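Down below are the structures I want you to see.
Across the two complexes that follow, chain A remains constant while its partner is chain B and subsequently chain C.
Up next, the complex of A and B:
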C-alpha cells in the first residue's frame, strides 16, 4: 500500500511539474513560435526568407520554417496533408484567388485588428487588398510585389536599330521591332517556353491596349468584354509578337536565352521585374540593358500585379498565436519589406516606402513609381499568367488557348477570341 | 572468318548503334560537362559547351555547401534520408513480395487469383490518387512527417510490383518440386526457405533494382509526408532548381544530380546483368 501512495504522489508531482510551464506560458510569458511552409528554398528567395526568420528570432521568436521545394502543386499537397492531419502550419505561402479558395477548407486567423493597428490598408493597392480579405476580413498578408509586364531592351539590339527611345505604346513597340528586324536583329522579341511565358505576352498586350477591358474580361470574366474588340486587338498584337520570336525555343526557361538577348540577337523581352535579378546574377551589367514599364496605349503605366503572400491558419497554442501576431507585424513593417525586396529584387507592397536610398536599383525604383502611377489612374491589374486573376483551373483553361494561338499561326485573332470565351464558359 | 567482321553490313550496323548510343548519351554528356562549368560561365555562354575553367567546386557545393532555405549543408543530409527510406523499404517490399508471389503462384487456395489481381491493381492507380488516402492513414497511425511513414508507404505500394515479378518467375517452377517437398513433410515456409529462395536470386535482384530505383527517385510522397530536415534527396534537387529571381544554378545542379544518381547507378552496375534476364524470365508464361 505505501508503494501505491508513493507512485500516485510521484505521478501527481510529475503531472504538476509538466503542467507548470504550460501554465506559465498561458500567463503571458509565451515565447512566440511560428511554423511556416513556403516554396522558397534556393537562391535569393531562400536568402530572403532566411533573413526574415532571423528578424523573427531577434524579436524573441522561435522560427520553424520548412521549405517545400518545387512547384505550387507540391506545396498545396503538403498544405492539404497538414490540414487533414489537424496540424496546419501557423502560416503558409499562398497567393491570388487561391487564398479565398483555401480559406474555405480550414479556419483562418482574423487579422483585422493587427492590420488596422498598422494602418496597412491605405498603403496597399486596392485590388491586391481585396484578394487578401476574401470574406471582408484580412486573413492573409502580401509580402512583395513583382510586375509581370516590364519591358527589357537589349542595348546592342537598340544600337543595331539605331534607336534610343524607349517605346511607350504598342505602336512604338511594333515600330522599334520592325527597325530592329531591319537592322539585323534576327528575333526582335526574346522568349522562353515555360508555361507562363505566352500568357505574360497576352496579358501585357491586353492590359496595354485597355486596362478597363482587361479588368472586365480577365479579372471579372464579363461575357461582353470577353467578346469585345480589345480581346481581338490583343490577340492581333500577340501574333505580331509571336512572329518576332524564335520559334525554336522549346520548353526553355527564359534565362537560357539571356546571352542572346544581351548580344543583340534578341531585342526586347517582356518579363517580370525578377528578370533584373536574374540578369545581374548571371553577371551581365546594367549598361547592357534598359528596363521600362510595359507598353501602354494611353501612355500611363499599366501595372500587372504579381504578389507573394502569407495566409495564417488558426491554431490553439498560445505560443503559435503570439508568433502569428509577431509575423503579421513583421510582414507589414516597411523596414522588413525593404530588406526582403532588396534581397529578391521585387518591390515592397507598401506604396509609401521610399526607394531613393541605397540598396535599390533603377529598375526597382521605376517599377515602384509605375505602381504608384498605375494605382492613381486605376491601371494596376492582377496578372493572369501568374495565377493572380483567377483560380488555377480557370487560369489553365485560358492559358491553353493563348499558348495554342502563339504556336499555331493558322489561328486568326477572331477565332482565338471566340475560343477564349468558350474556354472561360467551359471552366466556369 | 576474320574478313566477315569487316563486311560493309557489319560496319553499317556498328555505325548505327554508335549513333544511337551517342544520341542516348548526349544529355548525360551535357550534364557532366555542365557539372564542371561555373553558373556564370553557363549563363553568359550557352547551356551546351566545353568548360573553360574546371569548376570542381561545384561538386563540393553540391555535396555539402548549397543552402535549402536556412540550412546550408548541401545534398549530404538528404542523401542519408533517402537511404534511410529506400534501403528498408526495398528489403521489406522485396521479401514480402517474394512470399506473396510464392503463395499465389505455387499454392492454390480459394480466391488466389482474386488476391493476385487486387494486389497488382496497385500498379494502375496513379500516385496522385493515393495521396489523400495515405494522408489519412499516416495521420491515424501517427506517422505523418516521419521517415518510418515513408518506409511504410513504399513497402506497401512496392508490393504490387514485387508480387507481380516474383509470381511470374515462380510460376515457371515445376509443381512436382513442391509436391515432393510436401510429401517429405515440409510446410509453407520451409519450402519457401529451402527450395524457392535458393532459386530466386535473379528475380530478387530484379526487384531490388526496380524498387531501389523507384523509391530513391520518388518525389511526391517524399516532399508531402516529410518536413524540413527529413526531406529526401529528390526534394533537395528540386530546391536547387526552383528560384524566381536567380539564374538556375545549372553547374551545382548538374553536380548534385550526378551525385544523387550514384547509388542507383551502383545498384545497376552490381546487378545489371541479372536485370534483363530476370525481367524476361517470366515473360513467356
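Up next, the complex of A and C:
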C-alpha cells in the first residue's frame, strides 16, 4: 500500500509538472468561462453558489450558472438531455456513486494534475476521495460535507427529563428517551416522514451499532454481512425509534415539526447537519438545542458522510477548459471552502481547515472534530439515505424496505433483514 | 357559402376538395401530428423497454428481462393491487355520487346554477392542490380528527392517512371530491335529454317519481354511464399528481400506483429500461379498458345503422 501511494504521487506530481505550464498558458491566452448546472437556486445554497460565482469572476472568469430548481433528479434530467445532445455543461453538480455511473456515458476531464498540484488528496477523507476518482483518476471534486447522523437535543425536553448528559451509545439514547417519556415529553424522537428521513434512522442505527458491519453490508453489499446479526439489531433499534416518534407526521418534511421539538414536545432528532441552518433560519437560538455526534456503541464518533460535488465534463473550447481549471482550483481552495460552508452550514471537505475562527458555529466545529476522529478510527462511512453509498437504483430498493418497516409495525426485525438482503439481490 | 358561389354567374365553382381544403387542414394536420407523437413515442417506449437502458437510452436486447424484473418487484405488485382497489372504488363511488347529485339537482330547485358551479368547481383545481389540501385535512394531527377532538369528542379517530391499510381510501376520497362533479354534469345533461313526452305519458299512467326514475330515466342513462366509467377509469389508471401530493406512495410504500412506479424507476432510480417496461404495462392495462369500450361503440353504431 505505501509503495503504490508513493508511485501514484510521483506520477501525479510529474503529470502536474508537465501540465501546469499548459494550464498557465491556456489561462493567459483566453478568458476562462464556465458553464455549470446545479439545483442550487434559492436559500443558503443559492447564496453560496452565487458567492462562488463572484469569486470566479474576480479571477477574470465568465460565470454561466444555470440552476435547475427542485429535486436533484430534475437537475439530472437536464444533465441527461444535454449529454445526449452532445453539449454537456463544463461542470455540473453530481455526487456519490452517481459520479462513477454518469462518467461512463460521457467523457470527463482528468483532474489529476490540478489535484496533485494543490496537494489535495491528503486532506480528503479516503472513502470520499475514492468516489471522485472512479477509474483511478480525479474527475470530480467534493465541495462541502454534511454528516447525516447528528443528534439534536431539545433543551426543554432535556429539562423535562431532568437530564443534562448527551447520550453517547444507543443504550444511553434509549435511556434518555424513556426518561423523556416519563418526564412528560409525548414524543421523545422528532421526525419527518419522508424516505430519506426513514433511511437516516436506519443508517444511524446500523453505523452506530457497528461501523464495520455498515461498511460491509451497506457500502460493499457483502451477502454475509447483510444477513448478519448487526442488521437485525439495527432494525430492532429503528423499531424503538419509530415507537417514540409522532405517527401523525405522515409524509411531512422534518422541518414541519421543529417548533414542537424546540418546545420540548419532541425530544431528540437524528438529522443531517443542515438542520442547524434550518433551525437558525426559523429563528431559534443556540440555547434552545444541543448538537452532538449520533450514538455510537464503541463511544468513538461515527460519521455518515454526505458530500456535494462537481463533476467536470470534457469540452473542446479552450475558454471552457481554462474555466474548468480555474473552477477546480477554486473548489479546492481552503478560503473558498470556508466561505461556502459558512453560508450553507456544512463543513469543509478539507480536513486541514481551522474552524476556531468567527463565522463557524459550535455545531460545525463539533461536526468537523467528529469527522477527524471518525477518519482516524476508520468510522467515517458513506450515507445510504443520501445516495452516497450506492447508486440511486440500489439505494431506492433498500430504502423501500426501510421505509415500509418504519411505517408497518407488524414487520419483525428478522423479516426486515431478510427483505433487505432480497432487495439488494433484486437490484444488483 | 356553397349556394352563394353556385348562383353567382360567370364564375366556375371551385372543385369540392379545394373548397373543403381549410376543413381538411384544420382537422387532419393536428390529428396527424398528435397521432405521430402518440404512436412514435409509444413505439419508442416499447423499444426502450426491451433494451438494457439505464441512465440513457442504449441499444441492445434483453428480451423480457425488464418486464419480469418489474413484475417481480414489491413496488409494482403493491401498485397493481392498489390500482384494482382504487380504480374500482373510485369509479363506482364517483358514479354513485355524481348520479345522486345530478338527480337532486334535476328537481328544478332554486339556485341550481350556483350549486352546479360549486360541485363542478373542484374539477378546475389542479390535482397537486387537491392532494396538498386533503393531506392537511386528513392529517390526524392537523385536520378533521383534531377539529373533532378540539370540539370535545376526544375518542374520535380518523387517521386513514397514516394507516397503511386505509391510506389508499384517502386517495379515493380526494379523487371523488375532485371528479364526481364531472360525472354529475354528464348525468345532468343525460337526465335533461330524456324525452319529456314519455315522462308525461308515464305520469298520466299514474307512475310515481321513483318509478319514473327507475323504469324510464335511469335506463336511458346507460350510454352516459359507460362514457363516465371509461373516462374515470383511464383517469384512475394514470393517477399520478394526486397521490404524489397526498401520500407520495406512503405510509412506507402502501399507496404506490403504477404511474408513481414508472416515474420512480425512470427518473429516481435511473432505470430507463425498467421504467419503460412499467409504462408499457400501464398502456396494456389502459388498452384492456379501452378496447372493449371501442368494440362496444362499434357494435352500437352497427346496430344504429341497421335500425
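Just so it is clear, the second predicted complex is superposed on the first by the 400 of 428 C-alpha atoms of A that agree within 3 Å, B and C clash if a C-alpha of one lies under 4 Å from a C-alpha of the other, contacts with A are read in each partner's own complex, and residues count from 1 in each chain.
Throughout what follows, contacts are C-beta pairs under 8 Å (C-beta built on N, C-alpha and C of every residue); 3 or more make two chains touch, one makes a residue touch a chain.
Since this is a predicted model, take the numbers as computed values, not measurements.
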{"item": "Overlay on chain A: chain C relative to chain B, clash or fit", "value": "clash"}
{"item": "Touching partner for A:40 - first (chain B), second (chain C), both, neither", "value": "first"}
{"item": "Partner chain(s) touched by A:282 [first = chain B, second = chain C, both, neither]", "value": "first"}
{"item": "Touched partner set for A:68, first chain B, second chain C, both or neither", "value": "first"}
{"item": "Which superposed partner A:193 touches (first chain B, second chain C, both, neither)", "value": "second"}
{"item": "Chain B or chain C, by number of chain A residues touched", "value": "B"}
{"item": "Touched partner set for A:345, first chain B, second chain C, both or neither", "value": "first"}
{"item": "Which superposed partner A:80 touches (first chain B, second chain C, both, neither)", "value": "both"}
{"item": "First (chain B), second (chain C), both or neither touched by A:392", "value": "second"}
{"item": "Stretch of chain B penetrating chain C in the combined three-chain arrangement, among 78-86, 186-194 or 204-212", "value": "186-194"}
{"item": "Intersection of chain A interface sets (partners chain B, chain C)", "value": "77, 80, 84"}
{"item": "Interfacial residue positions of chain B with respect to chain A in the complex", "value": "39-40, 43-47, 66-70, 131-132, 135-136, 138-139, 144, 219-220, 223-225, 227-228, 231, 235-236, 238-249"}
{"item": "Of chain A, residues touching chain C in the complex", "value": "73, 76-77, 80, 83-84, 101-102, 104-105, 193-194, 246-252, 391-393, 396-397, 400, 403-408, 423, 426"}
{"item": "Chain C - residues contacting chain A, complex", "value": "54-57, 69, 72-75, 135, 139-142, 159, 161-162, 164, 247-248, 250-254, 264, 267-271"}
{"item": "Residues of chain A defined as touching chain B within the complex", "value": "37-47, 49-50, 53, 63-71, 74, 77-78, 80-81, 84-87, 253, 255-256, 258-259, 274, 277-278, 281-284, 344-346"}
